[in-house]
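Paired with chain B in one complex and with chain C in the other, chain A is shared by the two complexes that follow.
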Partner chain A sequence: MTIYNLYIFDKLGTLLYYGEWNRLKQSGITKDEEAKLMYGMLFSIKSFVSKISPVEPREGFLYYKTNKYALHYLEVPSGLKFVLNTDNTSTGIREFLQNIYTKIWVEYVVRNPLWTIGTPVSSDIFKAKLDEYVKQSPLYGAKLL
Partner chain B sequence: MAEEAIFEFLHSEIVNYTLSKENSKENDLSTLEYIGFTTGFRIIERLTREWPRFKDELDTMKFICTDFWSTIYRKQIDNLRTNHQGVYVLQDNAFRFLTRLSSGSQYLEHAPKFVAFTCGLVRGGLANLGITSTVTAEVQTMPSCKFHIQVNRT
Partner chain C sequence: MVIYGVYIVNKSGGLIFNLDHNLPKIETEKTFSYPLDINLEYEPKRISVSFGQRDGINVGHHLVSVNGMQVNGSVLEDGRDVREIIESKDSYPLSLKFSRPKMTTNEKIFLASMFYPLFAIASQLSPEPKSSGIEVLEADTFRLHCFQTLTGVKFMIFAENMQAGIDVLLRRIYELYADYVLKNPFYSLEMPIRCELFDTNLQALLDQVEKGGVASI
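Right after this comes the complex of A and B.
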């Protein structure tokens, strides 16, 4: 079990935060480009999933898996999107992402009067609390080599 | 959580509003302090209605540190010090308006904006209890904050 990295997007597609823990391979493009690419893909998957669904989709897109990693997606009603890459054996990521949203995002970003709505997060305390939460989680695991 | 958050959000908007008004000098915290003063003055009426009269000044300060503080900030003052000559220092180690800001020195330059209202609140509360004072605040590392109360004797 291990956690690779986390993207947080707002409903307009702005990358609000990017956190990285055990990422072993870099994409070779800038973070900005990577974020755009990521958001574009998520946007497409979302519309693809809802169009192609043979039954009424409830929550829509939840995650995808490859043979090496899994990408988990949580979209909250306000349109905020949490994207977490883990190895493909991890479980319980949905609750984990929910907790990041309610316990860390809402507490240390939304309730921080110095954060301007719709801008990337620069607060040290948010970063520290997120790091602490991720590292305490059993999902974090040992660093894979 | 809900009502606390509303108070917090309203407070931070009041801070933004009073400091961004046109024609107002930059870093002029007096409006904010005055809003706090009137709020404190009024709120004390409600908080002390079940209380007997206070014995002395120290007794009043203790009330501010315990009941007053916990009604407004859901916690008590962590430390009260005095030189017994009209100077009191109230220390809050996790001051509500600063806890989400930082846990060190980041944003330290913004700290005065978020303590001015509370200085007024304390001053207003004391004024209505018959103590004229000057209240200032000092922030060294967030989220801890010290309020200095200087009682003006006539």
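Right after this comes the complex of A and C.
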């Protein structure tokens, strides 16, 4: 069980926050470009899923897995997107992401009057609370090397 | 066991085989009175629901018939304009039939080639070294299983969510591909698969799996 990294995008595709824990490989491009690539991929997956789905999707895309990691995706109705990479055996990540949204994002970002909508989050308290929440979770296991 | 479809994509991302299996047909017919309580969007080639989903008529569904008469683009079979009928009070009550749009072959080819970069980006954005591309992609209505052979051909199965043992089925389909497609002297590599034996054997395999589960193969 490991958590690698977390991306938070808004509805326009701006990277609002990026957090990294046990990431073992960097993509070899700048963070900015990586965020664009990630958002582009998610956008395509969303449209792919809605077209190819045999019946009407409600939540649409949930996650994908490769042989090494799993990417979990949560989109809230306002268009805010949470993307979490974990190892591919972890479970219960959807609830975990939902909690990050309700307990940490809403509390420490949305209720912070100094944050302007649509700009990257630089609040230290958000960063600290998120880090604490991730590290306390059972999903955050020891780094396996 | 429900399998919605099988797709085979060659190593350059082109769709070379596709089989729809058990795709549910979603159609709703309902009688409306004036004024219409759903918003329609009139495009030159189709009329679709843009707002106000109810009773199984969802946003994005296309209008297929008016009072039992087929709609072609924006006109009825007898040449009358659909918009005029829907907007005039005299034509009500009106029975409209909507359906979820079916994918055309072109759209399938487009989607198959769209999966190719997704597969590649997933491995590039991996936080761990030496990751493969997407193997399983889950949405709330289906699960996509993808198996890439060493030669780069991708086999994809769209199935119901809680379906175990699809990997075995994917490998069986690979076997069928090796037996009936690659050994067919009239088949040229990378081209769409038109081999009758492959079709029949694949169909038989899917039927068997549907009846007896993956354990039966």
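Basically, the second predicted complex is superposed on the first by the 145 of 145 C-alpha atoms of A that agree within 3 Å, B and C clash if a C-alpha of one lies under 4 Å from a C-alpha of the other, contacts with A are read in each partner's own complex, and residues count from 1 in each chain.
Just so it is clear, a contact is a pair of C-beta atoms (placed from the backbone, for glycine too) under 8 Å apart; a residue touches a chain by one contact, two chains touch by 3 or more.
What you see is a predicted model, and the numbers here were worked out from it, not measured in a lab.
Participant: After the overlay on chain A, what do you see for chain B versus chain C, clash or fit?
Facilitator: Superposition check on chain A shows chain B and chain C fit without a clash.
Participant: Please indicate which partner A:S123 is in contact with in the superposed arrangement: first for chain B, second for chain C, both, or neither.
Facilitator: In the superposed model, A:S123 contacts chain B only, not chain C.
Participant: Which partner chains sit in contact with A:M41 here, chain B, chain C, both or neither? Use first/second/both/neither.
Facilitator: Second partner only.
Participant: Pick one for A:P57: touches chain B only (first), chain C only (second), both, or neither.
Facilitator: A:P57 contacts chain C only, not chain B.
Participant: For A:K68, using the defined touch cut-off, is the partner it touches chain B, chain C, both, or neither? Pick first, second, both or neither.
Facilitator: It touches chain C, and chain B stays clear.
Participant: Just to be sure I read the superposition right, which of the two partners does A:T91 touch: chain B = first, chain C = second, or both, or neither?
Facilitator: neither
Participant: Answer with first, second, both or neither: which of chain B and chain C does A:T102 touch in the superposed model?
Facilitator: neither
Participant: Which chain makes contact with more of the residues of chain A, chain B or else chain C?
Facilitator: With both complexes superposed on chain A, more residues of chain A are touched by C.
Participant: What is the contact status of A:V49 with respect to chain B (first) and chain C (second): first, second, both, or neither?
Facilitator: second
Participant: Working from the superposed arrangement, determine the closest approach of chain B to chain C, counting only CA atoms, in whole Å.
Facilitator: Least C-alpha distance: 29 Å.
Participant: Mind listing the chain A positions that touch chain B in their complex?
Facilitator: 107-108, 111-114, 123-125, 128
Participant: Which bits of chain C are touching chain A when the two form their complex?
Facilitator: Those residues of chain C that touch chain A are 4-5, 23-24, 26, 58, 100, 103, 107, 111, 114-115, 117-118, 121-142, 144, 158.
Participant: Within the complex, which stretch of chain A touches chain C?
Facilitator: 4-5, 22-25, 27, 34, 37-38, 40-41, 44-45, 48-49, 51-69, 71, 85, 87
Participant: Going by the contact rule set out above, which residues of chain B touch chain A in the complex?
Facilitator: Going by the criterion above, the answer is residues 5, 8-9, 11-12, 15-16, 97, 100-104, 106-107, 110, 114.
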